[in-house]
Amino acid sequence: MDEEPLVRWDWIGRNWPRIQPLLEDHIVMALVPVVIGLLVALPLGLAGVRWRRLYQPTVGVMNVIYSLPSLAVFIVLIPITGLATRTTVMIPLTFYALAVLIPAVVDGLTSVPDHVRQSAVAMGFTPLRRLLRVDLPIAVPVVLAGLRVATVSSISLVSVGALVGRGGLGYLFIDGWQRQFYTPIVVGIVLVVVLAGLADLMLVLAQRLLTPWARARGSA
Amino acid sequence: MNWLIDFFGDPANWSGPEGIPVRLLEHLEFAGLSLLLAMLIAIPLGLWIGHTGRGALLVVLSANAARALPTLGLLVLIVLFMGVGTIVPVLIPLVALAVPPILVNTYEGIRGVDPDLRDAAYGMGLRGGQVLGRVLVPVALPLILLGLRLAAIQVVATATVAAYVGLGGLGRYIIDGLATKNYPSTIGGAVLVALLALLVQFAFVLAQRVTVSPGVSGRQDIR
Amino acid sequence: GGDPLTSASASPAGSGPASAPAGGKVIVGSANFPENVLLAEIYAQALEAKGVQVERKLNIGSREVLYDQIKSGGLTVLPEYVGSLLAFVDNTSTQKKKDEVVAALKEKLPAELEILQPAAAEDNNSLTVSKETAAKDGLTTIEDLVKVAKNYTVGGPPEFKSRQEKNFKDTYGLEFKEWKKTGDATADAIKNGTVQVGNVFTTDPKIIINGLVSLQDTKSAFAAENITPLVNKAGVNDTVRTTLDAVSAKLDTAGLVALMKRIAVDKDDAAAVAKDWLSQNGLG
Amino acid sequence: MITFNGVTKRYADGTVAVDGLSLDVHTGGITVFVGPSGCGKTTSLRMINRMIDPTEGQILLDGVDVTTIDPPTLRRGIGYVIQQAGLFPHRKIVDNVATVPQLLGWSRKRARDRAMELLERVGLDLKLADRYPFQLSGGQQQRVGVARALAADPPVLLMDEPFSAVDPIVRTSLQEELLRLQSELRKTIVFVTHDIDEAVKLGDRVAVLRVGGRLAQLDDPATLLARPADDFVREFLGRDRGIRRLSFISAEGIALRADLLVPATADVSAVRDAGEPWLAVVDGDGRPLGWAAAKDLPDSGTVADADLVPSGTFVAGRDSMRAALDATLLSPAGNAVAVDESGRAVGVVTREALDEALAGTAGGARG
Amino acid sequence: MITFNGVTKRYADGTVAVDGLSLDVHTGGITVFVGPSGCGKTTSLRMINRMIDPTEGQILLDGVDVTTIDPPTLRRGIGYVIQQAGLFPHRKIVDNVATVPQLLGWSRKRARDRAMELLERVGLDLKLADRYPFQLSGGQQQRVGVARALAADPPVLLMDEPFSAVDPIVRTSLQEELLRLQSELRKTIVFVTHDIDEAVKLGDRVAVLRVGGRLAQLDDPATLLARPADDFVREFLGRDRGIRRLSFISAEGIALRADLLVPATADVSAVRDAGEPWLAVVDGDGRPLGWAAAKDLPDSGTVADADLVPSGTFVAGRDSMRAALDATLLSPAGNAVAVDESGRAVGVVTREALDEALAGTAGGARG
């Protein structure tokens, strides 16, 4: 029994039908919060830039949220959002995504050079139009950099949800742990990393496509 | 609030091997040790890569890959391999968690120093090490500290998972609270962790005040 | 004070599908250990074979968490162990024998819940030690343990101490030096010596994997632990009942251990093992 | 015409940036605001397109108080060029230029065609149109900035130190480009600089401001150089005022002597007989080849055999007195060759003739 | 002396930045490298202190091949000043300046004392010593940069466009400060600029480089302006070459006429009798008050009652021919008043006298 191999390859094939829904569940639970986070972070970030005084407290609150252990938040949410539901897992993840994305949006918007903003005003852009056509596009590289971190972290964090019954691929960790069985754990880790890598790659590609003008400045 | 009073008001929670002081020390041990290890790995590496420019692509790629590593999965895998005799199994995933922000910020901090400054330093006859130590690091310090702070917060918050594999730390209150549906315990544990994280943040703000030259921080305020 | 886990169960508004059978869907849950997951799989697949629509919420947590959920309708069916369940709903209960326990349960369970026909299969709590400890102290029964227990640390799930400390003392006069919460890692803790004695289920595959010895419970400190579906009455109809009863009728301890061996040692998946068992027994 | 009517700007912190400024900016000319750093040039400029609103007084654009016009509408009719060009980093060069036309609702195609036309007009290689700003040099970016400001053909152009971030050589070429453009377009341009040389070079009229935002003098460059209103202006104009004002005086009035030109094929003896110490030698096309010194001529042969010294030249109909003076200073004879636009010598300016002409201008300094 | 001996630098990407450069940099003088962008000025400069190593050829410092010296040691003996000053943001001004002395092992106190001395020397308010760089203006930062480079009293100073990021007014004052310092310190300075005006103003010798890193001409500024080696250099020197070279010719040789000076108390009739159209009026101290035109004098009274026209002046012993010319151009008489250092008139330069002197210099253009 001690010679339990690190990976039982046949297990993967046999259990794929069981892994696949976990993978799908994982993707949904990881990405929906990031998307929602982005949608919420944009207006909040804008408000943060507009009312600088609101921004510091917001960051403070976000930092506190960020320092809450995800597991504890899951548990606290169960009575409100139900046991082992996606919502339970996605709510804290949304907040974590916000904690990364709001500063990214604010940094992105403040990265618009003053002279660029001034010329936009002088050319007769209305405020809304300037926001949409000038400020936001220029903020894209910084926002995307934040989005990459948020996405990858979210994909990694979903698995903790397994401790409260809904963790996508995290189920494989619990399962492997209970049965002292490496294969599902390894498969889970690999899938999570590959998933994160793919998402990251797609964001990098998106950045390349969306911001050919920023290439000179590097993409990190 | 009642749950907090239940939890913090219970004298049993303040003494013995399951008391808050012991759990807190355990938690600090996990978090502190892993942060220290991560610093030992990431700071020299970040300094070196930022200074020489070699392997920069590697940092960018591997840092995000490391961020993707699921702590829980890593933890159970390592515990299965090594057992729970020592705290090493907890340290490894936590170190993996802490390395990316420290590494990336150290690297970006050093790399982001104005090339003119680097030039001036070499031009004055400083040697490579002196340029790094006397010029680049002091100027990059705010970013390096920011990386450390992010890492520290994440490690403090995530060290709770150690309890799942039977180890101690403040996570015990959360995991045990879940198992026994002891709500005050869960909340109490979470509050303790959050307080600890805030304390860590505060410590870093202080450290920043003390270690970063006003010439550098003042310049940033202006921007 | 207002425990939200409890208070929420009174108002199941947000707790997902509360009144389950409306859409004819049965939610099968399980606690977070492999055997319970396997049993839930067996129930689920048996039901599905009868055309019942099933949703699984497996490997979720402890009884403490699950019980409220099934009571509120968040779960419909849960594999349970009669003794532990009785102790949970009434911690003053003293019944140990299967029939007494079942009878007591039927009486004590709240109106929303009921247990169906218990199976012959049992998964008892046990006090388990390592082979080395057993050999050194010559331990085979819990009574053997009494004289050395004062030197030993005992480990178990977080809820273990509160449930059993008094029981051990009353039944055996057994007292330990220290109690540790070792949770899911109890078997590992015994193996690496963090604890010398641990509360491990008799069908736990880690007993076999780690070569541990479960001490015999000569005085029935642990109650009978026959496996039975705990159901939320509102969520089950006759099809469900007869199907689950049919499962229980075929399930015995030896069979369960064999299934668990497949899961723990051969690393077969619970769903596959369940499927095989059901078809062998003409249920799937 | 743009009219400043007792305009004062007091910032929230109490700084008075502009104080009771009253002046007219003439239509179709370049008016330069010049003055030391912090004298309120930028503030004055930006009050015209309402980037800043005055605390007191009014600014009228062709008689209409600008504060009665909705800012975006006002601004779309006023081009604006600033130091860092302010190009949108995320848009291609052509799209940068097409921005205002598109804001005005032109079709994409029409806006782009217009942009291409303008890029050509400001002297930019059309291959650059599909690049992004970061791929252009500073000077090229400035040209794009000018093209962009001109895109919707606004009658008014505001330029705030547009050329101060580029190196002197590029700067000179940008200045010349602007003058060339303006000779075609005749916009009403308000140009801000703190470089007095740039001010007198570009301005039809130059407004010198002093710190605190008060007008010290408003005059055409020649008058400004000849008659600074006070010590502040004199100081600000700096050294070389005498020489510099020659730039604004045409060399047309100088008497030319055609008799000092000799063809390279002329016989040496003829030249020697003329009795002049130096003669300007021209080739068959009449282009100057250099100066021949009478005393150093060979004994026989043509002038072409002589040792010729390079000559200073200036363009008779176009250049200023300054260029004529410079040319005489570069010639060994102290005389300069005047050429026409095509480079053919039309005569020689002797130092005496130049002195005569200069004496006429110096009288202008009386004041 | 610094000797470039067939120095070539080819970068990894194949760019030849410097190509077979051979020249001497004289000890104790300012040698300026000037040329268009990308002509290899910076590369040449940085090969001296081994920030870059040549691909071929050698650079000798007082006869020693620099590649035989350990770079940090070499650099501590060579001051280096760059465009944005490159001050260490985390160190106070005084500590920035004390950096190299401390590297050399001086005690903290001695290094700081030296730093304070130097800050004073470069004209910086000592109150600024305890500030951080971000609290200083660009011009002040540049002064600190110069002080820092001088801190260990290195015999050689390398300056790479040190003043190009500041505005023209500050730039002029920095240039003058550098000249003043150099007149005291007599360092061997290599100065890089792309501004030809700065080059001729500062350089004892000016090396003009062309793109590709080849030397086009190396001469003192006056010779360079008078005799550009080829069209590239002529083009690069730009307009006004004739006028600008007058800057390098002292006005000392010009004949002065003291008889044209009249005291303000002189009687009108006396002046009218002199028969000169214009007379320079001076006050009791001998300071010039302006020009009086003979024909416009009142019928009686003193000269002080006359309508005086402001006069152009230049300092007789110090100023250049250019200043003298400028002064004549500002005077209605076409004559300029020469004053001594204390501002007292010493005589009048007539245009004829100036022409005479200019004719003498123009001969120098023969080449």
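Quick notes on this structure:
So that you can tell them apart, the chains are marked A, B, C, D and E in the order they are listed, and the count of residues begins at 1 in each.
Heads up, the rule we're going with is that contacts are C-beta pairs under 8 Å (C-beta built on N, C-alpha and C of every residue); 3 or more make two chains touch, one makes a residue touch a chain.
These numbers come from a predicted model, not from an experiment.
In the absence of chain A, grouping the other chains by touching gives one piece. Within the contact network of the assembly, the step distance from chain B to chain D comes to 2. A separation of 94 Å divides the Cα centre of chain C from that of chain E. Between chain D and chain E the centroid-to-centroid distance comes to 26 Å (mean Cα coordinates, whole Å).
With centres defined as mean CA coordinates, chain E is found 60 Å away from chain A. Centre-to-centre, using mean CA coordinates, chain A is 19 Å away from chain B.
Among the residues of chain B, those touching two or more other chains are numbered 79, 164-165, 175, 178. Multi-chain contact residues of chain A (touching two or more other chains) are listed as 76, 162, 164, 174, 177, 180. Those chain pairs judged to touch are A-B, A-C, A-D, B-C, B-E, D-E.
By the touch criterion given at the top, residues 63-64, 66-73, 75-76, 148-149, 152-153, 155-157, 159-160, 162-164, 167, 169-170, 172-174, 176-177, 180, 182, 185-186, 188-189, 192-193, 195-197, 200, 220 of chain A touch chain B in their complex. Within the complex, the chain C residues that touch chain A are 4-5, 7-9, 14-16, 29, 32-34, 57-61, 65, 69, 74-75, 184, 205-206, 208-209, 263-265, 267, 269, 271-272.
Chain D meets chain A in the complex at residues 49, 51, 71-78, 80, 82-91, 99-100, 103, 132-135, 145, 148, 158. Taken in their complex, chain B has these residues touching chain C: 2-3, 6, 17-18, 79, 83-85, 163-166, 172, 175-176, 178-181, 183. Residues 1, 8, 11, 14-15, 18, 76, 78-85, 162, 164-165, 171, 174-175, 177-181, 183 of chain A are the ones that touch chain C when the two sit in their complex.
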